[in-house]
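First subunit A sits with subunit B, and in the next complex the same chain sits with subunit C.
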Partner chain A sequence: MSELQLLSLLPFMVLAVASLVVILLIAFRASHTVIQVTGFIMMCLVVLATWYVKDTLPRLVPPLFIVDGQAALFTGLIIFSVLVVGLLSYIYFEEREENPKEYYILLFLATLGGAILTISQHFISFFIGLELLSVSLYALIAYLRTRNHAVEAGMKYLVLAAMSSAFLLFGMALIYMETGTMTFPGIAEKLTDGISSPLFLFGTGAMIVAIGFKLGLVPFHLWIADVYQGSPSPVTAFIATTSKIGAFAVLLRFAQTVNLHEYPLMITVFSVIAVASMVMGNVLALRQQNLKRLLAYSSIAHFGYLLVAFLTGSKAGTEATIFYLAAYSITLLAAFGVIVLLSTGDEEADRIENYQGLIWRKPVLGTILTVALFSLAGIPLTAGFLAKFMVLSAGVQQSQWPLLIVLVLTSVIGLYYYLRIISTLFATADRPVNIPGPRHPFFYFSTYAALVVLAGALCWLGVFPGMVLQGIRSFLLLH
Partner chain B sequence: MILLWMIIVLLAGGLLCWLLGRQSAGYARWTALLTVSADMVLACCLCWLYHEFPDKSSWFINYQINWIPSMGVSLHVALDGFGMVLLLLTFFLGILAVLCSWNEIRERAGFYYFNLLWTLAGISGVFVAMDLFLFYFCWEVMLIPMYLLIILWGDSRRRYAAYKFFLFTQAGSLLMLLSILAVYFIHGQQTGLYTFDYFELLRTTFQSGTAWWIMAGFMIAFTIKLPMVPFHNWLPDAHSEAPTAGSLLLAGLLLKTGAYGIIRFVLPLLPEASVAISWWAMLFGVIGIIYGAFLAFSQTDIKRLIAYTSVSHMGFVLTGIFSFSEIAMQGVVMQMLTHGLSTGALFVMAGMLKERLHTRDITKMGGLWTSMPAMGGAAILFTMASSGLPLLGNFIAELFILLGTFTVNVLFSVLASVGLVLSALYGLRLLQRVFMGAIVVTNPVRDLSTREMLIMAALSVSIVALGLYPQPVIDTVHHLSFTLQPLLHE
Partner chain C sequence: MPILFYLSSAVAIIATIMVITRYHPIHALLYLVVSFLAIAMVFLSLGAPFAAALEVIVYAGAIMVLFIFVVMMLNLGKETAAQEKDWLRPAVWIGPGVLTLVLLMEMSILLLAPPQRNVAVAVVTPKQVALSLYGEYIIAVELIGFLLTTGIVGAAHIGKQKKKSLHRFLQA
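And then the complex of A and B:
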């Protein structure tokens, strides 16, 4: 491994070191605050490192990794999400008595797993990344093990994730049997004959099951609502952003490398999954009374939309997916941030009644949540609109009319439940709900400020996306 | 640039209202009034400056700056006579909307005026945007504040009405977005230039099959807004549950954006496809005229009654547009103005009655003339206007439309005139039930206050003026005949 190759892996090494540092700090009995601040600084270091190595990209680190612009973008998104999740975690866990320190080790390990997924181009790194992510998540989900639903959610995730890993391994083995190699480019080379062998297709199918599970696509979505509801809110935010971005990044990489779009069968399978996700996600979200469950079902729908852009297989499609994921992560982080700030030590603020008249009681938080919901619904002036617009435009370019019509119609269904929450936010509060004052003023206000910035970013992206689009484009050229 | 400033003034004024409204409702009211008046003054100045066309082009102002260059989106705003007339209507009704909610809105006034002004900003954006992306953007911007207006300050069934309004319009506008994107890519493939600019896109040629689908997307959005009969379902609910100013803006302006969209975008972009569906569009227009009138006749809720008259009047607009005759097009523009004024006035009046009697049920009214002669007088004027009596603007409008349609399709013209008779029926029934007859309301009801008198006077003067001397309007929109007609008659 040459020096330059090592250098290009710098951000990932810093990320790995972060969890070690946290372990050491715990050994020296550092306080929660110290760990939180150190973690924050370490994440900032990762961002700096990514920025530092940006100019040396793309760099191949055979056989396991490829660090290119696309990977850098996804890693950047993941790190950004974790920064916010980390910030949300402090207040959330400080309110509850459980010892939160080990939480950060798991959080950073899971992040490392997600980040490895974005650069992997080999089944081994793919699997290691995915397992690192999943195993950390088992513990993270059930972290508050005395709470309701926590263990249930953890068990559900454990059993289903283990099964999906088995599928993944089986699929990988089948593909290996057919092609005799485990690197993505190697597989692509072996497949250039254009013969779509049943073994390869079956193997890919099995892998789709695993990825579909991670992304929460229909019909692999059964875990999603329970896990979203049962996990601590920052962890839910983490699952909704980082874990899904990682899984999507590796799917995109695999599809691009082996030209998955040239197999009609695969297109059909993905189209069916996309349509099912859009329809089921939106329909199931309609009657939810729990905000976290509602966001879970809406995330199914959103990844259905994302698949529409993914299915185009074009440059515009890739750009659209990245912009979509960015907009979606910012939106969800803002929404979960509001949930965290409104939750108390004994009660999770996840029932919709908790939000009645929020905009009059807490105008700033109310506005942030409203902006986030408008963004999820894809209403102009917010990033969500532009993201949806780009997905639609990528689809129109490839003339995927049936998918687009489904997308449009289901997002109208989706509007209904977003509007339902928004109208609750604006309704007059009939009973005063007492909200605790800030117990940790510094972190409370920095979280608050971060949320305001996120909401601002949503509006800014929705009105002036030019700069970000340029940025994404210039990174994607780094192939 | 001045057009952008108009919109920015409204947006900024809205924010200011919200901030000041937390101090006192009075500040918010005055800020809102000043903001809209400032825009009205600007629009009047423009109107005075550009009372004649520049040579060979119908566009007074044409301003363009980059917005999202990587996608070919620019802030392109332009104004022609048609846009000018509608802008004037927007600000005029905007002022009245602020005035008529002066005492009605007591809770969260700041946020209320914020929504009101942002709706107006969206509407004026729609009338001046010459970039399809910007157009879509403004189209949506006017939707959300309107939704909030209905759901926050509406009547008892406001949630239902607001959802219905939002879902109907949003379904239409997303389909329109698909059409816009299709036009964008087809144009890009033909010329290599990917842009949302209206004037560029006008040069695109479409195959007839594609054109049909693209037109379907646009037409669904615009006919939901207009509304055309099978899609009119949201309108009675939204109109009747919205606060007075909300109904005024909905009836006076939002419906006009549908007609505007058809005239500005569908006809010039897709002339052949438009000609192909013209018979059906006229048919649905005529169905709307008669169906709306019948339903209006059978309503007991005063606001629903007025809402159904809108369906009927907008049927005239649809029929007029798709008759493709010059005189009908002038009638259509007149109808857009006069319907905005007359129906707006009726909604304001319904709001005033509601404020006094706390009901919208006309069976619980009756004999109000004795206690409110002034309002009764105004009511007679505007119901007569709505029924298309000579002297008043609506007469000119409907006459022109009928004349224009007659040359194209005699049967439709005859059927549409039946609508006029029916409109007299529901108009007279409204007057009879509310102002004449036995006195039902026994407690004293106060007549119009000075502020209300002012609103009614402004509306009455303008509707009579339009009826007596419509020539300025006809001159201003005369350019439609040389921009649109050649395309459609080729």
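And then the complex of A and C:
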């Protein structure tokens, strides 16, 4: 391995070191605050490292990895989400468990798994990354094991994720049997020789099961509501952003490399999954009384929208997916941030009644949640609207009319349940709710400030997306 | 020989089904060992002796260690001996025993049969495996190290008990 290749892997090495540093800090009995601050600094270092190696991209690290602009974008998005999740974790875990330290090891290892997925171009690294992500998530979901739903959620995720890993391995084995190679470019090379073989299509189908599970797409969505509800709120935010970004990044890379868009059968499969996700996600969310479950169902619908952009297979489609993921992550992090700040030591603020009249009780948090919900619904002047608009325009260029019609119709259904919550936020509070004062003032206010920045970013992205889009384009050119 | 492959695959499937339908963990473990041995036999029948040996050492060996642990932890005297006897009634071990016998027969057939000259089998030596693991796949090996760390940290956290219970040797 040459020096330049090692250099291009620098961000991932720093990320790996972060988990080791946390282990050492625990060994030296460092306090929660020290670990939190060190973790924050390490994540900032990862971002700096990514920025530092940007000019040497793209770099191939055969046979496992390719570090290019797209990978850097996804990694950046993942690290950004983890920064916010880490910040949310302090307040949340400080009030609940006396020993929240191992949490950070698992969090950083899961992040490493997600980041590895973004640079994978080989089945082995793909599988190891996915397992690293899943195994950490089993423990993270059940982290507060004395709570009622935590172990149940962890168990559900464990069984289903193990099942989906089996599908993934079987699919990989079939493709390996057909092509005799496990690198994505190698597979693409072998496939151009012959026509699409049933073994390849069957193998890809089995892999779609695993990826669909990770992304929570219909019909592999059975875990999503229970896991969202049962896991600690910062972990839910992590699953909703980092884990899904990683899985999507590897799907995108695989599809781009082997030209999945040239197989009519695959297009049909993905279209059916996209339509089913959009319809089911929105319909299931309609009558939800639990905010976390509602966000779970809405995430099904959102990844359905994302598949529409993915299906175009064009440059505009890739740009749209990345912008969409960025907007979606910011939105969800803001929403979960509000949930974390409103939760008390013994009660998760996840029922919709908890939010009645929030805007009068806590104007700032109420406004942040309102902006986030507007963005999820795709109301103009928020990032969500622009993201949806880019998906639509990418779809129009490829004239995918049936999908686009479903997208628009289901968005209208979606509007109903987002607006239902917003109307709850503005209703008069009929019962006085005792709000706990900030117990950890420094972290409380920094979380508060972070949420305000996130909400500001949502509006800014919705009004002036030019700079970010320019950035995405310049990164995408590095391949 | 394809018949050996299918026979050992069948043994593997039967044993695995028995693993997940047993109620007693020790009984399930017995079948699990058989299942791993059957998979090793699958490798052997495909002409991969090194993979077969690894399968036996790593997986079946690990289960044996688990067995020893359980026996060691629960070894409290006469009543445990009675309990062990109760666990290992003929009805319990006859199933795994028969399946293992099938595997043993297969292996003897494979070893005693005259070598077939018409099949070209590339033998993968331990050295080749080591070279590729610590050569081009070194990052994958390191990542698997992190994967193991994750498993250990997660299991340690989930399994941690509030109440401190000392082993009987340490109770003084």
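In this section, the second predicted complex is superposed on the first by the 477 of 479 C-alpha atoms of A that agree within 3 Å, B and C clash if a C-alpha of one lies under 4 Å from a C-alpha of the other, contacts with A are read in each partner's own complex, and residues count from 1 in each chain.
The working rule: a residue touches a chain if its C-beta (ideal position, glycine included) is under 8 Å from a C-beta of that chain, and two chains touch if they have at least 3 such contacts.
Worth saying up front: this structure is predicted, and the values here are computed from it rather than measured.
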{"item": "Side-by-side fit of subunit B and subunit C on subunit A, or clash", "value": "fit"}
{"item": "Touched partner set for A:235, first subunit B, second subunit C, both or neither", "value": "neither"}
{"item": "First (subunit B), second (subunit C), both or neither touched by A:142", "value": "second"}
{"item": "First, second, both or neither for A:423, with subunit B first and subunit C second", "value": "first"}
{"item": "Partner chain(s) touched by A:125 [first = subunit B, second = subunit C, both, neither]", "value": "second"}
{"item": "Contacts of A:404 with subunit B and subunit C, given as first, second, both or neither", "value": "first"}
{"item": "Subunit C, subunit A and subunit B - angle at the middle CA centre, rounded to the nearest 10 degrees", "value": "150"}
{"item": "First (subunit B), second (subunit C), both or neither touched by A:62", "value": "second"}
{"item": "Which superposed partner A:105 touches (first subunit B, second subunit C, both, neither)", "value": "second"}
{"item": "Touching partner for A:380 - first (subunit B), second (subunit C), both, neither", "value": "first"}
{"item": "Where subunit B and subunit C come nearest after superposition, their Cα distance in Å", "value": "40"}
{"item": "Where subunit A meets both subunit C and subunit B, residue numbers", "value": "none"}
{"item": "Residues of subunit C that touch subunit A when the two form their complex", "value": "136-140, 142-144, 146-147, 149-151, 153-158"}
{"item": "Subunit A-facing residues of subunit B, complex", "value": "67-71, 108, 136-137, 140-141, 144, 147-148, 151-152, 159, 162-163, 166-167, 170-171, 174-175, 177-178, 181-182, 184-185"}
{"item": "Residues on subunit A engaged by subunit B in the complex (per definition of touch)", "value": "360, 374, 379-381, 385, 389, 392-393, 396-397, 404-405, 408-409, 411-412, 415-416, 419, 423, 426, 464-466, 469-470, 473"}
{"item": "Subunit A to subunit C touching residues, read off their complex", "value": "1, 9, 16, 19, 23, 61-65, 102, 105-106, 109-110, 112, 116, 124-125, 128-129, 131-132, 135-136, 138-140, 142-143, 145, 154"}
